[in-house]
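The two complexes that follow have chain A in common; it is paired with chain B in the first and with chain C in the second.
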Partner chain A sequence: MSLVNFAAREITCKIVYYGPGRSGKTTNLQYIFGRVPESRRGRMVSLATHTDRTLFFDFLPLDLGSISGFATKFQLYTVPGQSYYASTRKLVLQGADGVVFVADSQARRLDDNLESLQDLQTNLLTQNIDIRQLPVVFQYNKQDLPGDLILSPPELDDALNFREVQSFSADALHGGGVFETLKGISELVLRRLAAAEPTA
Partner chain B sequence: MRTVEPWVTEPLERFLAESSARLTLLMTSAGQVVAQHGFTRSVDVMTAAALGAAIMASTGEIAKLVGESNFLSLAHQGAKQHVFLSAFETPRGRWIGLVVFDAESTVGLVQLFFERLVKELAAAAPKQVPEQQVLPENFERELNASLRALFGR
Partner chain C sequence: MTPPLNPYFRFDTMVVGAANRLAVTAARAVAETPGTVYNPLFVYARPGLGKTHLLMAIGHGAAAIDPSLDVHYLTLDHFIESFHAAIGSGQGEAYRKGFLDVGLLLVDDVQFLTGQRETQAELLRIIDGMQTAGRQIVLTSDRPPAEIEALDERLIRRFAGGLVIDIAAPDYETKVAILRRKAEERRAGLAPGVLEAVARLPIDNVRELVGALNRLVAHQAAGEQVGAEQVPGLLGVQASKREAEVASVPGQGKAADAEAPASAGDKEDLSSRSRAERPADEFGDFLSEISATLSQQIESWRGNVAAAILRWNGDGYRTGRLELLLEGELARDPEEALREFEADVRKLDALRAEVEAVAPSLAGSPLFRDPGDVAAAEALLEQAKEGADPPPAPSPLWRLDSLVESTGNRVAIQAAQAVIAQPAQKYNPLVLVGGSGVGKTHLLNGIGNALVANGLRTVACVSAEAFTGELIEAIDRDAVAQWRKRYRRVEAFLLDDVHLVAEKGRSQDELFLLFNQFLESGRQMVFTSAVALPQLAGVEPRLLTRLEGGLVAELPVPDREIRQRVIERILSEKVERPDPEVAAYLAGRPADSVRAVHGLVQRVLSAAEAQQAKLSAAFARSVLEASPPRPVRRAAPPRSSGLVAPGVGGARSREKMVWDWPDIGDRLIEEWR
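Showing the complex of A and B:
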């Protein structure tokens, strides 16, 4: 849940990048880390295995600057995609203000995407959160691969995006769609905050 | 020192003076910073909070596995600096404290004064949450400008 500090006029939001293993969640954060000036970001923390698979999470704090008089900060997290790490995924998801579902566009990974999406819904439900009430965007990553290996964004929308939320075509390795995705989820999360009943 | 809610300040100042802690961080169980003393960069505070919350969350899961209700506090011993972590209930939900201390203090003293801090926070928390407006509806333009500046576009 967003933390609003009225005394210091600060807002802090937690955004979680979710999706199957090797879909490009960590790559999204690495690209953002590489592009954002040092003064506006903290160090990127990766709790990873010796083979660089995410073990617990990656974490990147971002300072967005002032929005409507509030110093706005985002905490970007990724979850480990491999099914083995189900328990840690649940922990990272706790208190999320928004989710970016990073799908692997390769046709052979469709079942993995569906399984991960189902896992997301289940984990949210254990925290009494209905996925329909949470800001979520889809990112269809690896769209730069040859056309015969991947599904197109409309095909992926049909297969995964039942709620018809915003979706973004991406090539996270080279940065394509990374910025647009972050912008999309940021708008949804902050719009929800603006629409919320006045509270502390 | 920085605190999200003013009623946290006084008990925390007393804890800092008594325990001789170098750095102190209070956070929600999701890793959101509630109060901090001693950190210089806000982004470092967020990182410490994320890691502290993760340690407590994973320890809580291990507790469930072995049939404990929870491990409420942990201490990590370093060569020169040490870390004390503890979860506690407040009228605002479950919070976590992360305290870094050195040879000026001991884990026993930190724990003793931390337990007092928890009691004082429970007593100081106002019953009513004040109502305040968060963001106006037309924030998108400023958000877009911020993100464009962030990515150099």
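Showing the complex of A and C:
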């Protein structure tokens, strides 16, 4: 993983938002984009169809400035959730330092979530990455919907998060849980910098 | 395995203020004399005030004073975990006993003893055992012992029996000092007044304080103006939020506030939060946390490098390369640098082992301890293979000018001077012949030293015995070729006691080969022999004739003139204004070697000192000519019947012992009885 470039004194983290179509990945990025001072964000590249569905991917570069002498940059990507964009997802997933799995909390979307999760696992495996070795967090989005339509976070944990990684409830449209999720995955990714440390 | 001490957490990196002065003083006392002053030492403080730093500093301090001290650091979690593992494997007793070998036990976060009855009982036993054995225990907690819920009364009493001390929140001045140190470490050039403005904020947790600093540094790095007046604005929300958090959960455990990952069950229902509840500057908040995490990671790299430096230094390797890495700004991957360093150390070890086989005397070279210059070590190995391990040089103790010249040894000394002035020109080889103790070795080494002083770089001066010894060792190591090369490279070859090669065929062969090479290449050889060459038996004629082919100079038994001058010199060195008559008298005494002359003088001097007598000719005479100690009547040990008279308390009077048997038959009868 080329996370740290010591010669250039640069740290670059690539974080991919993964999940089924319409689960709110792009919404996450849009919310972040809206909260980042202009000086810190690059142009958000969003290749969307006329119906506002992500066609290719979203890309949001964040420049966090110099931290402890390292120019720190985050690159946030989303993948197109629709099942027919399989090769794009593979491409975007390449070189990811961490993955946010954005699940749709609606009960009727549970199968889509599971399918997407399996797809993530398969795509990582084709790149010889074991999902257990990669920083992954779950975001249960749309928790603002009426309770009878959605599954609660514990239910979603039971259904999806069997490895018991961190999970966050979110309402990406209004920003709830968006930065918490980003913080969660960023911490995990950054802690792997000193992975040689047995405690890390 | 216990977790290692963080190399950064030392006394010298701790900012001492009014709030922690007492605790630091007690900690220093404990580190200096573990097990004697405050045992156990119990330090408590709210999270983020430096308990762990202080605890580890005690460990570092004590280990620095006594490197043999066994220091164990562990958190209570670790203690519980390993205790359970030991119990599970039926090793509970062994686990407990293991602590009795620990010189200094540092236990962090004992507040988690709450409700752990078994662990409390175990800790009590360990504390009792260690205290009895005079071992030191230091514990930390986020609250005083009495406030740890359901803590065994006996443990509270044990803690109270030592010293229970707290660390308060830092005051303004201490906060400024901490911020200054951290800003310096981060090389953050903040505007004047900024640190003071941060210190004025209601943050009294050092970790929070450093987090606030990180955030300001991040803002500054992004090109934003960070002045004292902007500080409350930039940190205001966060500071007040943190303050509220601190106030709401006093004594919250470190494990909870330091380790970011929340458990799966620790989720907040953020979707129900209104937007107003979220921080106004979500990105700033995010940035601040990321900065803190990253700084922590970079510190941990530095910590790894520092630990490696300590380790390799301890093993005797030079660590300049790693120190350079710490001094700079980690301009390269520290893990990779450490791996490379370790690989170079392994390479050096291999080179050293190889050199040891070829030239053992070079194995101790500091070049094999410097991973920064493996090439030099490789070059040394190559040289060693080529025979660069220099043969023994002349001893600097023997100087030519300290040799007394007289008519007797003048020929030899003048020959030596000719050899020194024109090596290999006039007399090659020069063979010095003389009895034992006449000064052959002195003259030989003197010639060697003078040759070196005259510009010869390599002069071998070795005794024939050592020469043969080296040859045997080289044969043993199958390294005769290298051994030969050592001698063939030198510019002059001086061999003491050449008569000792008699009957040693292989040594003579080697000497013969060497001889021819030196002669052909015009290099000087000097030999000494205690036996006149014609009488030298057991030496091949081809070698003998070559030795005789140069100049054979005799060093005779010292005549009176030499003896007198040697005595005068010794006396002038040892006695103030020596009586010339003493020297004259001593010179008249018979002595067949300079060594014997030394012995005579020494005997008189010792007697004078023992009797505190004035050194005079008469005194010397009384010492040397007084009735000699009763001679032992038999040179050989007396034959006996096998019964040996005890040395003490037995028949000590000679009169009572029958020593001479007029009739051997009588003795046989006696023995038979």
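Structural remarks
Convention: the second predicted complex is superposed on the first by the 190 of 200 C-alpha atoms of A that agree within 3 Å, B and C clash if a C-alpha of one lies under 4 Å from a C-alpha of the other, contacts with A are read in each partner's own complex, and residues count from 1 in each chain.
As a working rule, a residue touches a chain if its C-beta (ideal position, glycine included) is under 8 Å from a C-beta of that chain, and two chains touch if they have at least 3 such contacts.
In this text the structure is predicted, and so the values were computed from the model without any measurement.
The superposition on chain A brings chain B into a clash with chain C. Legend: residue contacts after superposition of the two complexes on their common chain; A:35 is shown touching both chain B and chain C.
Once chain A of one complex is fitted onto chain A of the other, the partner contacts of A:113 are absent, as it touches neither chain B nor chain C.
By the touch criterion defined above, A:88 lies against chain B but remains apart from chain C after alignment on the C-alpha atoms of chain A. Of the two partner chains placed by superposition, only chain C is touched by A:171; chain B is not.
Shared-chain residue A:27: touches no atom of chain B or chain C.
Of the two partner chains, chain B is the only one touched by A:73; chain C is not.
Contacts of A:123 after superposition on the shared chain: neither chain B nor chain C is touched.
In this superposition on chain A, the options for chain C are 3-11, 291-299 or 345-353, and chain B clashes with just 291-299.
Contacts of chain A with chain B, set against its contacts with chain C after fitting on chain A, overlap at residues 4, 6-7, 11, 35-37, 40, 63-68, 70, 72, 179, 182-183, 186-187, 190-191, 193-194, 196, 199-200.
Chain B makes touch with chain A in their complex at residues 2-6, 28-34, 41-44, 46-47, 50-51, 54, 57-58, 61, 129-137, 139-140, 142-144, 146-147, 149-153. Residues 3, 186-187, 214, 217-219, 221-224, 260-265, 267-273, 275, 278, 282-283, 285-287, 289-291, 293-295, 297-298, 300-301, 304, 329-333, 335 of chain C touch chain A in their complex. Only residues 1, 3-8, 10-12, 14, 35-37, 40-43, 45, 47, 56-57, 59, 61-68, 70, 72-73, 75, 77, 87-88, 91-92, 94-96, 179, 182-183, 186-187, 190-191, 193-196, 198-200 of chain A touch chain B when the two sit together in their complex. In the complex of the two chains, the chain A residues touching chain C come out as 4, 6-7, 9, 11, 32, 35-37, 39-40, 63-70, 72, 142-144, 153-154, 157, 161, 164-171, 174-180, 182-184, 186-188, 190-191, 193-194, 196-197, 199-200.
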